[in-house]
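Below are two complexes that have subunit A in common, paired first with subunit B and then with subunit C.
And now, the complex of A and B:
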């Protein structure tokens, strides 16, 4: 799951962080474009949560919001060839152990937009309880052609599900980094754009591990 | 009308997920997260806090009301940031009532950050106000209040600010204050948390 771009949107819909990780379509947009995209995502998110299928409105839905823990998404040892000679464990800020967490968790985003698939890329959104949104643009495309047969369409649903679970795991880790490197920076003012090099580096490293 | 229905049905769904076997007890979560958090020597923390309070005493010319206020303000700024760290670590779902909130505070939050588990008591009849009894307060190790501070200073007032700030960020508008402190010669250290209201309008869209 190659990540093209990551955006962080604050609770009022303003873009506070945006980075590109490859020479893709995203790098052809300027910072103003991204500001507009961010607030559009914020609005579309709000609209999608307001339109719910009638079936879900009248029945007691027991939708499962549990995201399974997918081991080592974006972590250093997830790719053994990459750093075979470095046995030094990487420090994860204030987190101990090889990974940030190791339990399944319940998604906070229950009726908003979670995934947007296009022919060129897939977008994933993770929202926190405080209203912060983490958005990842992935260059992976979930092909539509597989869905011709009955089993094919089931496989596709499964693939879509797994991709979105991997994305939720990954974006929660970005949230962990945010909690460490942004929230604990005394010179950061709340709701303002993030200008932290440590955070930048940590995010970049995690994205690179995901290739 | 249909919107109302959707809120009702999703609330039952949310409570169903909270009771699923996957959502573990607060105690287990707290201990687990505590194990996976980096630690420092508690004395370093205690002494740093002591240095801040004593500096404030000098700066404000021993006006303890102002010092309490200042400590609260500092705590508030810590709380609004610390909540993100707490949520990233624990990923706890939203609490359905204050009883859940009290458990999350004592068994997860205090455990993860201070390695203590305050007791929850003194519930008001409306179940929106409770007390946290802090038996061992790591902030006030080695502390004896000077005579002039005995009556007015709440030494650990930073904690009130932290709770206030953190709860406000998850849309719980609360009043947090000390009612007694061992340092002042009381029987126990008691922190009172009173829910004013749930800021329903500010709950992030998409959570219901």
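And now, the complex of A and C:
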């Protein structure tokens, strides 16, 4: 899954971080366009929780919010071809071990927008408990249009679910980086745009590992 | 696969048909063209309209092909849309199990809507008759018996299976 762009939206709907990792949007959209897109996503996110179908309100829904841990998403050692200096342990800021976390985790985003699939890209949204939103635009097109055969649809079930689970794992790691390089920066003022070179580099490295 | 509700919007931003199933075990349950669903239909329209403008902006294709939404997932359900060039939106709210709902919506449009609404002299082709119904204020709904019966019998196996 190739990440084209990453956005971070603060709890009041303002865009605080946006980076493109390919040329596809860079030439067409300016920073003002991305501000509008971010606040639109924020407002749609708020509306989606209002239109839960009645059938789901009556029965207690059994949607599973536990996101399984998918090993080494976006980490240095994830790609064996790139594994040149495997003897040197990778430093993950204040996190120990080869990966940021090792357990499945619970999604805080229980009724908001999570994924938007279109003909050309897929957008994944991860929301934290504090209301911060991490958005990843991936150029992968997910077809949840499974074949009519039962076996085919089961395979695609897994494919669609795994893509959004990988995205949740990846965006949680970006959140870990945010905790390390943005929250521990004394010059950063809350809710303001992020201008941290270390954070930038760490995010870029993680996106490149994912290719 | 389970479907929760089905909606049709016309090009004047009006909801012209809505059907919501409340008890999934009973396909006859629920509401059709309900006044109570007016607010929900406006919120649903707003979500799709906003996200269509976002995807239109983020379109990476230079050939002029529009970037249509295929599905919108939330924490609890998934929205499938099928938009026609004449401005009709067919919207289906479902659970997360993947199935080719685009084909379902395409079938509803081409084999049920076109057959019983478009090819019907007695049914209005545009559900907004005067100017003050054309800005999302209209309340006219599809009440055609054949359309409703055929839609029901087509969607019935999908409600809870």
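In the analysis below, the second predicted complex is superposed on the first by the 200 of 211 C-alpha atoms of A that agree within 3 Å, B and C clash if a C-alpha of one lies under 4 Å from a C-alpha of the other, contacts with A are read in each partner's own complex, and residues count from 1 in each chain.
One rule holds in what follows: a residue touches a chain if its C-beta (ideal position, glycine included) is under 8 Å from a C-beta of that chain, and two chains touch if they have at least 3 such contacts.
Bear in mind that the values here come from a model prediction, so they are computed numbers and not experimental data.
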{"item": "Partner chain(s) touched by A:58 [first = subunit B, second = subunit C, both, neither]", "value": "both"}
{"item": "Touching partner for A:197 - first (subunit B), second (subunit C), both, neither", "value": "neither"}
{"item": "Subunit B versus subunit C as contact partner of A:110, first or second or both or neither", "value": "both"}
{"item": "First, second, both or neither for A:128, with subunit B first and subunit C second", "value": "first"}
{"item": "Touching partner for A:25 - first (subunit B), second (subunit C), both, neither", "value": "second"}
{"item": "Partner chain in contact with A:178 - subunit B first, subunit C second, else both or neither", "value": "first"}
{"item": "Subunit B and subunit C contact sites that coincide on subunit A, given as residue numbers", "value": "48-50, 52, 54, 56, 58-59, 61, 63, 65, 109-113"}
{"item": "Contact set on subunit A toward subunit B in their complex", "value": "11, 45-46, 48-50, 52, 54, 56-66, 93-97, 100-106, 108-113, 127-132, 172, 175-176, 178-180, 183-184, 190"}
{"item": "Touching residues (chain side subunit A, partner subunit C) in the complex", "value": "4, 24-25, 29, 33, 36-37, 40-41, 43-44, 47-56, 58-59, 61, 63, 65, 107, 109-121, 137, 139, 143-148, 153, 156-157, 160-161, 164"}
{"item": "Contact set on subunit C toward subunit A in their complex", "value": "2, 4-5, 20-24, 30, 40, 43-44, 46-47, 50-51, 53-55, 57-61, 65, 67-77, 93, 96-103"}
{"item": "Footprint of subunit A on subunit B - complex, ascending", "value": "2-3, 5-6, 9-10, 12-14, 16-17, 20, 22-24, 29, 32, 35-38, 80-89, 91, 93-94, 169-170, 202, 204-208"}
